[in-house]
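Step one of this worksheet: look at the structure below.
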Amino acid sequence: MSQMLSWTALLPGAIVLSSMLPGAFIFLVKEESHVLRGVLNMFGAIIKLVLVGTLIWGVFLGGVFESRLTIAPGLDLVLHADALSVLFVTLSSVLWLVTTVYAIGYLEHSPNRSRFFGFFSLCVSATVGIALAGNLLTFVIFYEILTLATYPLVAHRGTPEATRGAKIYLAYTMGGGVALLVGAVWLRALTGPVDFVEGGVLSGMASTLHPQLIAIFLLLLLGLGVKAALVPLHGWLPQSMVAPAPVSSLLHAVAVVKAGAFGIVRVVYDVYGVDFAAELGLLIILGVWASLTIVYGSVKALTQDGLKTRLAYSTVSQVSYIALGASILGPVATIGGMVHLVHQGIMKITLFFCAGNYAETLGVHKVSQMDGVGRRMPWTTLAFTVGALGMIGIPPIAGFVSKWYLGLGAVEAGQHWVLLVLAASTLLNAGYFLPILYKAWFRPPPDAWPNEHRFESRFETMGALLWPPVITAAFCLIAGLLAAAPFSPLEWATLIARREYGL
Amino acid sequence: MSAQFLYGGAGILLFALGLWSLLVHEALLRKLIAINIAGGGVFHVFIAIAYRGDTAPPDPVPHALVLTGIVVAVSATALVLALHRRLEQAEEPAADAEVLSESASASSAAPPPRTPAERTPGTPHPETPHG
Amino acid sequence: MKRDLALLLGILLALLAALLLWALHATLALEPGPRLAELASARLEQTGVSNPVTAVLLNYRAYDTLLELAVLLAALLGIWSLGPAPAGYQRSGPALAALVDWIVPLAILAGGYMLWVGGHAPGGAFQAGALLGAAGVILRLSGEPSAGLPGEPAQRWLVVLGAGVFALVGGGLLASGFGFLTYPPGQAKWLILLIESAATVAIGVTLTAAYVGGRPGSGTAHNGTGQSRTVQR
Amino acid sequence: MADLLILPVLVPLLGGLLATALPVRSALVGTLAALATSLSGLSITLLVWLHGDLGTVLGGWGVPLGIGLSADGLSAALLAMASLVALAISIYAGSYFAGSAQARHFWPLWLLLWSALNGVFLAADLFNLYVMLELLGLSAAALGALTGKREAIAANLRYLLVGLLGSLTYLLGVALLYTAYGTLDIGLLGERLGPTPIAATALALMVSGLALKTALFPLHFWLPPAHANAPAPVSAALSALVVKASFYLILRLWTELFAPITDIGAATLLGLLGAGAVLWGSWRALRAQRLKLLAAYSTVAQIGYLFLFFPLLASLPPGTARDDLFAACVLMALTHGFAKAGFFLAAGLVQQKAGHDRISELGGVAQRMPATTFSIALAGSALVGLPPSGSFIGKWVLMRGAFETGQWWWLPVTVLGTLLAAAYVFRVLSRAFGLEPTPLQFVTNARTEIPALLLAFASVALLGLAAGPVWAVLGFGAAPA
Amino acid sequence: MPTLLLLFDLVLLATLIVLALAAVLSPEPRRAVMLFIAFGLWLALVWARLRAPDIALAEAAIGAGMGGALMLAAARRAAHRDEAAGRDGDKRA
């Protein structure tokens, strides 16, 4: 770091550290000092938001932000902020603040909270690191740190199921991580240091290397597919629903799953380059695999009675929309995929928050127990409804925007079969969300809830549990209605697409 | 200088003999004798190549090396024997209790518990030491 | 099975020996020349001693000898860490007692001579130390449980003496600018004598203590199992 | 300035002698000597970093007669690791042996072992190395048997015999070299040595003797019982430092002294043995029922990884690619040193508190000591080679080298080894997430948990994110590969 | 190399090898140690022949002497235990 440390070189590093350092201190905080822990958490979240705000403004103006740490000659840890990374950083920072508030409320009297919030902050730092990674080595490093940081969260409760779920989670992600590592090293051996460059790096490679490049892509896809929950590799997601609600919501709806999808997008756009990938026929493989997952996820969701497991399978299918968007050649489909990255995040986190509320307040874990929930907890169920309808793709909620652009992009690229996939999945979404809404609003509530808690708050449940889902539901509406406004997810996705395709 | 080769050769034979005995015999004392003989062999090689006929004075450097080697060998022997004696003592109560059960044979201390898998198949390696 | 495993090993090691013999022969056939012999004797007079082996031991390669004393000390510390000494031997009969009264002083005297003669003739610290050790062994065998060794504190200082003097002389020379174990021209002889005598005493005590085989604990030692063993026949 | 080279050997030796003479105050003398020794070791490393290789001949007689000391990049790096790890072990041992009768026996032997270790790293004379290896082996075996339990004594008895056999084989190799080339100094020998039968025989003898002492795969049988039954600080020193000394010698002899005659065939043999060590060691670690036995088998596996570098180094011409591989090999050795020492120290605490170290019943204890469990987690992730640890960087460069030299068969070994390592590390860590009561605070006993935590942290963050200095000390500069 | 001297050397070395073989092959501990001490002394003799008197003295005094004494004590203990075992009808060597 010989050159003068201008603040543009410090910002990306500061964003990653803004949650890592408080996290490290939280480990040392004594269990009973809640206030200190709360302050550290909120301090980290707010600082990160402020930094991300300046980053958005800087990147929008075309500024270059890069922190480079030379681990060893030829091995650089690079944090580079480009349009794509800002999208994911903003998503995870905003949702981290909301989830922290929710988690503080949710874990009111549970044990081991210092440990929980310590690893929670590490997790977000890893996610932000993945988002800001400037080369393949940094990406792999933060990708593995994410695995290490999420394992204790999944196993947090300590029950035998939690340990079993965590073990399955670890088996999948460790295998994926090793596949990603081998692919990355193979690519590094062929082409030298692989920095992410908008438009791709490999387009100029000699044709003799093409078979190797295809093999490398499959390896990378295998590694990333585990976290992106592509079909055969998704087994860990439903199993790790044993984790507490904040973990399921932030990690398995936003951080971990999106890291995989984000990785696929990075590899396709910034390593291979879309045109070169299409030339090698990789997009077809990706497209088919994503479509399979979309349909499979929705079908499995139909039959799940557990509310969180149903949402988990819904996540499996929804995340593949992003992969699908990346696999269609054309800026419009790219916009659809990118914007779905944000929309799916805010919608799914709302649903998981609501699921957490039902479990915490009424002891309702199964869909069959949700009769008349709307009457008892109107606000939470309203937020759930907004999220569910958004998932199905009903305008004006955000989900519709991304499906619309995906469909448009598919038509433009001449891949009409994608429309069929979108239509089928929309129907299936309706198939597993509408019954829940019907039960919640129109069925009479049972005489006694399985495990009701009376909270002394004025509203239906504790404030810290109620407001987060309502806020994120509002985000869904705003992202849908004001899609054309500046700095909306859609506008930013258009900016990304324009820079990726060099328009 | 056939004398140097003659004596050096004897040294190498002693080393091989010591190595063979170390790998084959079970009893610790025999292993210890084997190691000392092998050590003697190596030192003998040094002294043999230091010998430069009856006229010229021999090369003092290998002599000093061998002296150091002998002292090192004897200190290692002393430590091995002390460890062995302590091992026998540790087995002693087992022997006293032997009146009750016939399992522990006093004559040879039971080899330390070794799962069969630990013996790497095929490759010769020094056996477990017991009295 | 044991029988043919031994045979197989024998054949293998015979091959190894043959290989080594062939390699040795191939080398000696090339007349590899006097090695360090000429060089060592050429600069002998600067070393302060006339016996070439002692010159190598205490001047050219003094560092090795220092470490060798450390090895001896490490072995003794290992023995001491393992437990108290076993019971001593039966009081010897009058004949052996009389013989011992003669041999032990003689051995000590011979050790002193061996130390002194080491400067210019075969002998030296290690052989002298071995003689002192032999005296200790004889005392131990003739029923003296402490084998002529003083109490624990004194034993610890004596055992440390050899390597201690050596290291301190080396350190002193290093501090005074000559370099570690680089004797100033005039004083080489006296420094070597000082180191050798300290080493002789240390080696004698160490070897005897090693033969006693246990911590210089309190009173008659009984073995690890707590009950006092009958005196060994 | 090169005269200071003797200090890292002289200071612990004098400390050890003083600790022997004053048993009552051995802990105080030991700790002070430990501080002074690590300072002297680190200052040597600093000197080598600033001024390049240092060399001197003791006694002022010039190389063929006198004994040379030398410190180049490789020895400086290992000396720095040894100084830091041994200092942490000394602080840990201060509290671990506090008040026990073993303390007076531990400190003198420990300082002699440390002196021998520094001596091995600084020696430039083959016979001097033999005496150093003997002192190292003897004091290590004596320390290992400190607990006095039957298994410990039997294991260390076998360790001592194996060590003697290894040293004698090495000495016979030295004898043959002296016969042919008439000198014991490594530098002079390097100039005179040519591809003759005697040199090849000497290489075979010396390397097999040292392989026995560094527990390379088929010759590893003695290591697990010896390291698992020793007291915690001793097993940390055995696994992290003593085994490394023999490996360091093999690396130095193989790549420098015997460079003219070491070809790809012999290097591939070492690689295959290393691969065997990785697989067999990891498999046995996975099946080990005791925590310290798991750590010992993990050492066998990690030593295997280090030998995987030999065939790659042999097939690359001297250049930045080869320098990177060499530096990565050194980095993995250093990281394993820090991580394994941290792991053993933490495991020792768990054993001390639980009274046993059977993995299946460690859940409760592990949860009540968060700092210790965190050290095991950090050290474990460094042993597996997960980022951001130094061994991850090492494995990254190892795999890249395997791809670039076309020797792809080392990849499945590394991948399988990493997965097996992840399995046995997380088998231990999953115990720490039980339904035990929440621990009151992070650190329970500072004087023992902080050293273990710092060692584990160094292997992960320090070497993982700032491995640049390793390249710099080895003199490979920052030329971007 | 005058034949007489060669003959002398051969006899010297042959005895050395025979002593070593005997020491290695004899199962009874005390007998083995005795033979080992004889081997040590003979080795000292050989080295005296090779004009290395200091080392011959050291080998005799330390190698055969001290080493032998230590081993003798161990051999006697082993012999006692063999007899004790012998008395109890367990014939294991």
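By letter and in written order, the chains are A, B, C, D and E; residue numbering begins at 1 in each of them.
Definition applied: a contact is a pair of C-beta atoms (placed from the backbone, for glycine too) under 8 Å apart; a residue touches a chain by one contact, two chains touch by 3 or more.
This one's a predicted model, so the numbers in the text were calculated from it and none came from an experiment.
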Mutual neighbours - chains that touch chain D and chain E alike: B, C
Touch-network distance, chain A to chain C, counted in steps: 2
Shared chain contacts [chain B and chain D, defined touch]: C
Per-chain Cα centre nearest the global Cα centre, belonging to chain: D
Chain A and chain E, separation of their C-alpha mean positions in angstrom: 78
Chain centre separation in whole Å, for chain E relative to chain C (CA means): 20
Between chain A and chain B, centroid-to-centroid distance (C-alpha), Å: 65
Whole-Å gap separating chain C and chain D, where each centre is the average of the chain's CA atoms: 30
Interface hub residues of chain A, defined as touching at least two other chains: none
Shared interface positions of chain C, touching two or more other chains: 20, 24, 28, 34-36, 40, 53, 60-61, 64, 68, 71, 74-75, 78, 82-83, 124, 126, 207, 210-211, 213
Junction residues of chain E - those touching two or more other chains: 54-55, 58, 62, 66, 70, 73
Chain-chain contacts as defined at top: A-D, B-C, B-D, B-E, C-D, C-E
Complex interface listing, chain C residues touching chain D: 19-20, 22-24, 26-28, 30, 32-36, 39-40, 43, 59-64, 66-68, 70-71, 73-75, 77-78, 80-83, 156-157, 159-160, 163-164, 167-168, 170-171, 174, 178-183
Residue ranges of chain C in contact with chain E within the complex: 51, 53-54, 122-124, 126-127, 130-131, 133-134, 137, 207, 210-211, 213, 232
Chain B to chain D touching residues, read off their complex: 8, 12, 15, 19, 22, 28, 31-32, 35, 38-39, 42, 45-46, 49, 61-62, 65, 68-69, 72, 75-76, 79-80, 83-84, 86-87, 90-91, 111-113, 117-120, 123, 125-126, 128-129
In the complex, chain D residues that touch chain A: 320, 324, 327, 331, 370, 374, 381, 386-388, 392-393, 395-397, 399-400, 403-404, 411, 415, 418-419, 422, 426, 430, 433-443, 464-468, 470-471, 476-481
Complex interface listing, chain D residues touching chain C: 3, 6, 10, 13-14, 16-18, 20-21, 23, 56, 58-61, 64-67, 102, 105, 108-109, 112, 115-116, 119, 127-128, 131-132, 134-135, 138-139, 141-142, 145-146, 148, 153, 172, 176, 178-183, 196-198, 201
